[in-house]
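Notes to accompany the following structure.
By letter and in written order, the chains are A, B, C and D; residue numbering begins at 1 in each of them.
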């Protein structure tokens, strides 16, 4: 069950036009940028991308936007915090121009929708968003004395994840805050592709240190991780 | 934020009559038996216990049953597999005699109901149990072309968990299959009490090896772990 | 509906072997309690990953007495060993995997299987527990979650009653989930048109198997003896 | 509703200090972006655990340039340090904690707060994005999940408009969630009867604060100057 792919290009070679792709990473932490670049190089179109944001540490997303590869984005904190920086970003410009459809979720709801898909849960009731624009078009229901919204699972065709270390059968171990969206997106993707800094043999990661069990990961590719200097967005 | 309690008795001293208590452990793995014994010693009554089973590795539960401390049990695999051993167990006898109320959930639904409570999710739709006795009295709903049941969160007053190692601020690290129900039950309990084999200072557990973040754990107590020899139930 | 005829078929071990041969390399498999557990004896060294419900992937062979660790068991409470690449997670994560469709195959025992692939396995009314009470365990989640469900069981009960039935009389585990039934007497595939008899135990005929099976079997044009 | 009067009040740093004094030892706290982040400068050495939304507890002080790790940041994308007892988990687990009620206090910024404790903070229509589009981030989950919500903000906008209003005109983050508002000019508690003015910045009167606050304030009989 060797899941190692020889190159980034090979790892993304079958992604078709119209695919939905969850992309992990929280600003500079745990972002599988090399996979995004490989996707930009392939030039497939009409993509739906599901990612936290399209700003700091995730600037590679903008190449997809500039290439007009993206039809829709589902995010929770899509833009730069700074209105000025945002106004200069291709992603925000494309949304303003109506060139890409944008859906925004609360941050907790966003990952819970992905977690639900990976866990075979069709939908769940969360208190987040009641009384806000988030509730538009959604069922609202009382449990006990509190109101909740019904939120549906999101099942992406692919997930791009990042890990500090992988073994050849896809077990992944993450480093500090780079874990973030990676475990739940790995479980959600029908095909999950992991960009990793180190590949070791099975048995070389302590079984209690595996943050993403190999069953969720279909492809592993070694990358030289791009270095970011984190700075407030 | 020192959460270490000096004794098992002190750790369970405030549990009142009528409390609901989630008890982790999967057969011999990761069962907080010493806390169950302390509870039996206290003699509080009308308890609702939420645990996988009342058989191998969890025989201490039977002391609660014999003491008539249990009003209700919520389990997923309550009895010995062997009908003969079951017929001799106080738990099964009490259920047969109608002395304790018993609710049985599918194993995945069971922990998902606890996970939901800890995660602030009121309810969720699972495909498990459709077309079986489990669906009785529950909402059934179609998402896509598949039917799902609405299952509600279970929020216990207390959770008893077990860990191989704890630091004094409640971060817990588990060992192999002893993790099982511990993380989700720790999050679900209003008050979570951890019986642990080793207590170390903060910083002495690698932050990537913490399986149960300290925020979920209110009390930590060191125990000499009872030894079990696992054997098919 | 007591079935009078007694037929000689495969041992439990050979049922397990036939199922092992059905499993594909490169797949993830969960083995239930009973005959299914025996499948693990036949796949050592193959590229098949076993999952244990309590939270382990790459579950290894049973531990010998010296290696027993109480924190390293399978879902049947048997001490097991690690393999290279074994990893651990919570029971909740384990069932996320199961419901989420990550088990290629679940091998389960059964009390009854219907011609529509309904499975009844968790509750034997003969045990005399109160209604709706019994050991559901992971069976319902596995039955609905696994991509393929293979049933491992004896063809009839100890009392000679049908286990492959028109309609299950015992409480269901799940509706319409069974793909393949492997018994001591036969290999039967559940198809939209009904039960397809594909293989019979050495020395038996289709008529023999039909005689201990309540619903009408479709006999495969390629009917053959079970081979290993 | 342009508010003409300009009042001199606390700096952003002193707003943060006043909030730090409000936090109790032995509690878990999440600090939002903006003024709330500054609270961390005032609690070093205290028994308060900070949570970072991306998946960290016991978040330490900001890292100096030499210590920067791109995999060790806070939810504002600032490099941070570890403390003894720091631990990591997924973003999903982080929000399980938040929605599950494990944050004793969330300190958040705001664009508007209503007299009923409604909070509007995620979407400034002035930015000119399409309707319902903006950076929700973790604000909605924190607002409904935290046991106590403290707002840290300037009392009026840069243009001198009310931020404490009868009814929010900006898109809501959550309804009726705010417990305490700390501004450059005042400390105001949201009570079932309305907004209770508890403290005023040095040199100001209750009337001064009322003049820049749209809803009618209830003046505490114990009204005092903000103290540190």
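The rule is simple: a contact is a pair of C-beta atoms (placed from the backbone, for glycine too) under 8 Å apart; a residue touches a chain by one contact, two chains touch by 3 or more.
Keep in mind that this is a model prediction, so the values were computed, not measured.
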| item | value |
| --- | --- |
| Identity of the chain that, by mean CA position, is farthest from subunit D | C |
| Chain pair with the higher count of C-beta pairs in contact (A-C, A-D) | A-D |
| Separation of subunit A from subunit B, taking each centre as the mean of its C-alpha atoms, in whole Å | 33 |
| Between subunit A and subunit D, centroid-to-centroid distance (C-alpha), Å | 28 |
| Subunit A-subunit C separation of Cα centroids, rounded to whole Å | 37 |
| Mean-CA-position distance for subunit D and subunit C (Å) | 56 |
| Contacts with two or more other chains, residues of subunit B listed in rising order | 112, 115, 119-121, 126-127, 174-176, 179, 207-208, 211 |
| Residue numbers of subunit C (touch at least two other chains) | 56, 88-89, 95-96, 98-99, 145 |
| Pairs of chains, among all present, that meet the touch criterion | A-B, A-C, A-D, B-C, B-D |
| Touching residues (chain side subunit D, partner subunit A) in the complex | 33, 52-56, 68-73, 75-79, 88-92, 95-96, 98-99, 118, 127-141, 144-145, 171-175 |
| Interfacial residue positions of subunit A with respect to subunit C in the complex | 1, 115, 117-121, 167, 169, 171, 187, 201-203, 205, 207-208, 210, 213-216 |
| Residues of subunit B touching subunit C in the complex | 26-30, 53, 56-57, 76-79, 81, 83, 86, 92, 95-96, 98, 102, 104-109, 111-112, 114-115, 126-134, 136, 164, 174-184, 211, 227-233 |
| Touching residues on subunit D, where the partner in the complex is subunit B | 26, 28, 47, 49, 51, 56-58, 82-89, 93, 95-102, 145 |
| Subunit A contact footprint on subunit B (complex, rising order) | 112, 116, 119-127, 143-144, 146, 148, 152, 173-176, 179, 207-209, 211 |
